[in-house]
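Next, two complexes with chain A in common: one pairs it with chain B, the other with chain C.
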Partner chain A sequence: MSRRAGTAALLAALLLAALFPLAVARPAWQNTAILMLMAAQLGVAWNILGGYAGQVSLGHAAFFGTGAYVSSLLSMRLGLSPWLGMLAGALVASAFAVVVGWPCFRLKGHYFAMATIAVVEIVQAVVNGWERLGGAVGLYLPLAETGFGGFVFNRSKLPYYYIALALLVLTLAVNWLVARSRTGYYLRAIKDEPDAARSLGVSLTRYKLQAIALSAALAAMGGTLYAQKELFIDPGSTLSTSLSIKMSLVAILGGVGTLFGPVIGAAVLTAVEEGSRVIFGGTGRGTDLVVYGLLIVLFAVYQPAGIMGWITGRWLGPRAERPEEEP
Partner chain B sequence: MTPLLEVERLTKRFGGLTANEDVSFTVGEGEIAGLIGPNGAGKTTVFNSLAGFFAPSAGSIRFRGEEIAGLPPEAVAARGVARTFQIVRIFKGMTVLENVLVGALLRHRAVPDAVARAREALRFTGLERRAADPAGRLTVAEQKRLEVTRALATEPRLLLLDEVMAGLTAAEVQDAVEMVRRIRDRGIACVVVEHVMEGIMPIADRMLVLERGRLIADGPPRAIANDPAVIAAYLGEEYRAPGA
Partner chain C sequence: MIRLARAASLLAALCLAAPAAAQEEVRIGVIYPLTGAAASTGLELKNAAQLAADLINGTDKSLGLALAGAGGLPNLHHAKLKLIFADHQGNPQVGASEAERLITQEKVVALGGCYFSSVTATASQTAERYGIPFVNGESSAPNLTQRGFKWFFRTTPHDELFVRNSFEFLKDLEKRKGVQVKRIAILAENTEFGTGAAALQEKFARENGYEVVAKVLYPPKSAQLTSEVQKLKAARPDVVMQSSYLGDAILSVKTYKDLGFLPTALVANDAGFNDSEFLKTVGKDGNGIISREVWALDLAAQKPVIAKANALLQARHHVNFNGNSARAFTAIFALADAINRAGSTKPEAIQKALRETNIPGDQLIMPWAGIQYDATGQNKLGAGIIVQVQDGKYVTVWPFALASKDVAWPLPAWDKR
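Moving on, here comes the complex of A and B:
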């Protein structure tokens, strides 16, 4: 696909996304669309570390939850605007990611993934027992100031749709810039052959930490959006291993290390989830995990390159922009 | 004048196994040094110590007068030492150009500058036609050449080549020999680990011979070829081979 055709397709997709809620007015459908956008944003954020750098994190809910809790607590205790809280959450999550990443990056492959599960489980256990953070009961956000300034919309879910879309576009833009930068090439080199990368002057720790800091900040922003949309957060919903797995699954399903893979993955996964909820009814808490597990097995065996890999039909996994396409 | 590389009494032990013992040699600016020896003599261990992948158990490695023993590989690379790997380690998920680009980014932080330098390196090693191809599609000979190109893109003063001629056809060996010569002509010193004698003997200024972790000879190729100790080391290996 030529550069111009790609840009045109992108603008068309953006226009369709912007017009979607005007064409589809049913709240249930709109809500599903919001969930889809939020899942896509988290998958794209996860992809910076898990896709480009190849460091599979199954603990990203720890950063998502950090964003949700930091902005909520700052707004409840200090009356800080959730918009500023979103930035604060991103910064705290970044710092936390560096602290956690430092020891975890000493582990490779599966061991790294297992360590990240431990991280999210520990954070969940700590918050569960911490009364000042709401403990296991969670936090109810006050309906103090509605409207754009207060980041709370109670009449219609529509503003959340556009905020989620904007956040997704921002996250994609960051991902796109990273992929074309020195850091982006270094991350892909680290993923393929870490020793060769080192022999070319690449510090593994430095660039992995950059990747996890950025990835965590973006995931935390998604956490703040979730908190403002639901107006209720608890450790089970924001700091769980299953949410972490979902973030990775969105990217793996769509295609790791590709820019738009997670967006496609989120669309498919959300549709499957909502479908299974309709078929099996109610809770979904058990059935969605079964669906996740089944999808992981199927994709690992038959389509490791994800849906993007199937679409492009190329064996060359990461679809980062070629340098020769540069202006 | 201090030599480019001074290795002094380099010793590397793995538990009870001594892979290198008291290895001392120097490499001058723009010199080609061949490093030969039977399998298991410790050639790759020397490389790994020089390139920062192993911290030596004892001894010193000075590069341009600075002690580099024990520095991590990325720090050694930044000081101007580049290497290739015995078993190629190209970035398979990238194109040929992107592979070289990763090397070029060491000295040129801006991607467009680094792309220009990477293309230049590809022209130098004759891989330019393959620039847009996925690296995994190259032949073995081309993959080895790509590793050399990638290392050259870091603009090193010293290049460590680990068996770049192994497994190549006679014609490909000649190409590789020509390439090493042209690299030296650019003022880059090379240490070449090689089993292919017809590849290394004609171009080496000096030959270093390792046996069982020790340096048993150091001199011009012609002298080395007639050295009884060197002949014994190789003959010894042949005599042992049938019973092994």
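Moving on, here comes the complex of A and C:
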């Protein structure tokens, strides 16, 4: 695909996304679309660390939850606007990411992933027992329409939709800038040949820490959006390993290390999740989860490069499929 | 021309028929955990709710509850109740999504569920946003009715009252039977339900002059509880107060037995201990366990309607009612009563009727004085009971006025059950 065609396709997709809720008035469908955008945003944020730098984190819910808790607590206790809370949450999550990244990056591959699971489990345990943070009961945010300044919208879902879309675009832009920057090349070098990168003078820890800080900040912003949309957060829903796994699943299903892979992954995964639950959920037989699981198994076995890998391989010629394998 | 006239008359007939057709069905959304760790409980709740709806829709009046056998809601031209079930998987976000789908796509006029307090929190928010009545029958987190919601009603008493019941029971027991309780240990799962209950137990224990010798929280669905039980054992409590869901409740009893831990009494806080699966799995090891409950089958001695309702559930699903399913059943009756009195499916009319609810105790399969909501939407006439497993069955042991058996105290040794 030529560059110009790519830009045109991108603009068309953006326009389509912007017009979607105007064309589809059903709140339940709009809600599904918002869930897709939120999942995509988290997948793209995860991708900075997990995709480009190749550090598979299964603890990103810790950063997501940090964002949700920081903004919620600041708005509930100090009356701070959740928008400022979102920035504060991003900063706190970044700092926290650096603190946990420092020791965790001493581990490689599966061991790193396991350490990140431990991080999110520890954070969940701590918040569960911390009364001032609402403990296990969680925090109930006031349900009152406050408009744009207060970030609570009861009458329409559109504001949530556009905020989620804007956040996704921002996250994609950051991802794109990182991928094209010197840091981006370093990260890919670290992923593919860490020893070679180090021998050329690339500080592994420094660039991994940059990646995790950025990735955590964006995930935290997603957390604030979740809190403002659901208006209830508790450790079980915002600091769970299953949420961490979903973030990585979105990216892996869509295509790790590609810009739009997580977006496609999120669309497919959310559609399967919501669709199968609507069709089979009321029966209580768990059919929806079987479909969901089957899809993941099929992709893991037949298309490990994800949906994006399949699309590029199928339509953009074999050259684009596995460029790294060419001589 | 004749054709046109025919078409016109047909159209007119259709228009006339439309309002009547619309009244034939009152759609109610009910959200339960139908998959995941609590799926078996969710299915019980679903079956009980469906039984309630079918009884109201049917014509068999033998049960003796006002609406049972009414053939639909009398004030709405005998419109039938149609329950539309949804699965929240124990996830608050899914609960909110499903509530929204039920309201906007399925056009339900009221919502019920969700068993999990955390999911009830978000699903009821969605109902509040849309102005749709939400009747919760089985979530007991106290703060659910402290949010100032106008559309949220709860039939069950909440944890604070239930926990207080456990201490009233201990005090009564000390007076009546002269037993000595000094040291209390608390074991609870560390999510909303468990920590909330543990904090209240700690508070009431202090207020009642007991010593809290250990407070152990554990993550739900633990693979093992060995270290937690060792901590309890080391604290040498007289009474263990425990709040656990099903899987953990079973695991903890096995661990107590394996480690030879035998307090004077185990006073559980409902949930997993009162699940039908619990006694099936632990068998004789369950004997002697005390639990606070909202319901027990032997209350039928005081209320024959309980035996009749239970026979109906037995005929269908081959299980007895338990505290959860009896409450799910009751919530549907309470909601149907309000919709019937409203004589309309308009949300405002149902909301008004709910506020005016006044169901006497003899119209319930619960041991309550009745259902009347206070300004926060909380039923103020609810009360709990205390049950004990004796010979493989739950029997009511407190309040003494409703008891069918005497309390067995202390716990029998593990090898003598």
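What to note about this one:
Here is the rule we go by: the second predicted complex is superposed on the first by the 292 of 327 C-alpha atoms of A that agree within 3 Å, B and C clash if a C-alpha of one lies under 4 Å from a C-alpha of the other, contacts with A are read in each partner's own complex, and residues count from 1 in each chain.
Throughout what follows, a residue touches a chain if its C-beta (ideal position, glycine included) is under 8 Å from a C-beta of that chain, and two chains touch if they have at least 3 such contacts.
All values derive from a computational prediction rather than experimental measurement.
Of the two partner chains placed by superposition, A:295 touches none, neither chain B nor chain C.
In the superposition on chain A, A:154 makes contact with chain C only, while chain B stays out of contact range. Within the superposed three-chain model, A:230 lies in touch with chain C and out of touch with chain B [touch as defined at top]. In the superposed model, A:199 lies in contact with chain B only, and not with chain C.
Contacts of A:268 after superposition on the shared chain: neither chain B nor chain C is touched.
In the superposition on chain A, contact is made by A:181 with chain B only, not with chain C. When the two complexes are superposed, the chain touching more residues of chain A, out of chain B and chain C, is C. Within chain A, not a single residue is touched by chain B in the first complex and by chain C in the second. Every residue of chain A that touches chain B in the complex is listed here, in rising order: 180-182, 185-186, 188-189, 191-193, 195-204, 257, 315-318, 322-324, 326. Across the interface of their complex, chain A is touched by residues 34-35, 39, 42-43, 46, 84-87, 89, 91-94, 96-98, 100-101, 104-105, 118, 121-122, 125, 128-129, 141, 143, 147, 149, 190-192, 194-196, 199, 217, 219 of chain C. Here chain B touches chain A in the complex through residues 51-53, 72-74, 77-78, 82-83, 85, 89-95, 97-98, 101-103, 105-106, 109, 111-112, 114-115, 131-132, 134, 136, 147, 150-151, 153-154, going by the rule given at the top. Interface residues of chain A facing chain C in the complex, by the touch rule stated above, are 26-28, 31-32, 35, 121, 124-125, 128-129, 131, 135-138, 140, 143, 154, 226, 230-232, 234-237, 274, 277-278, 281-286, 288-289.
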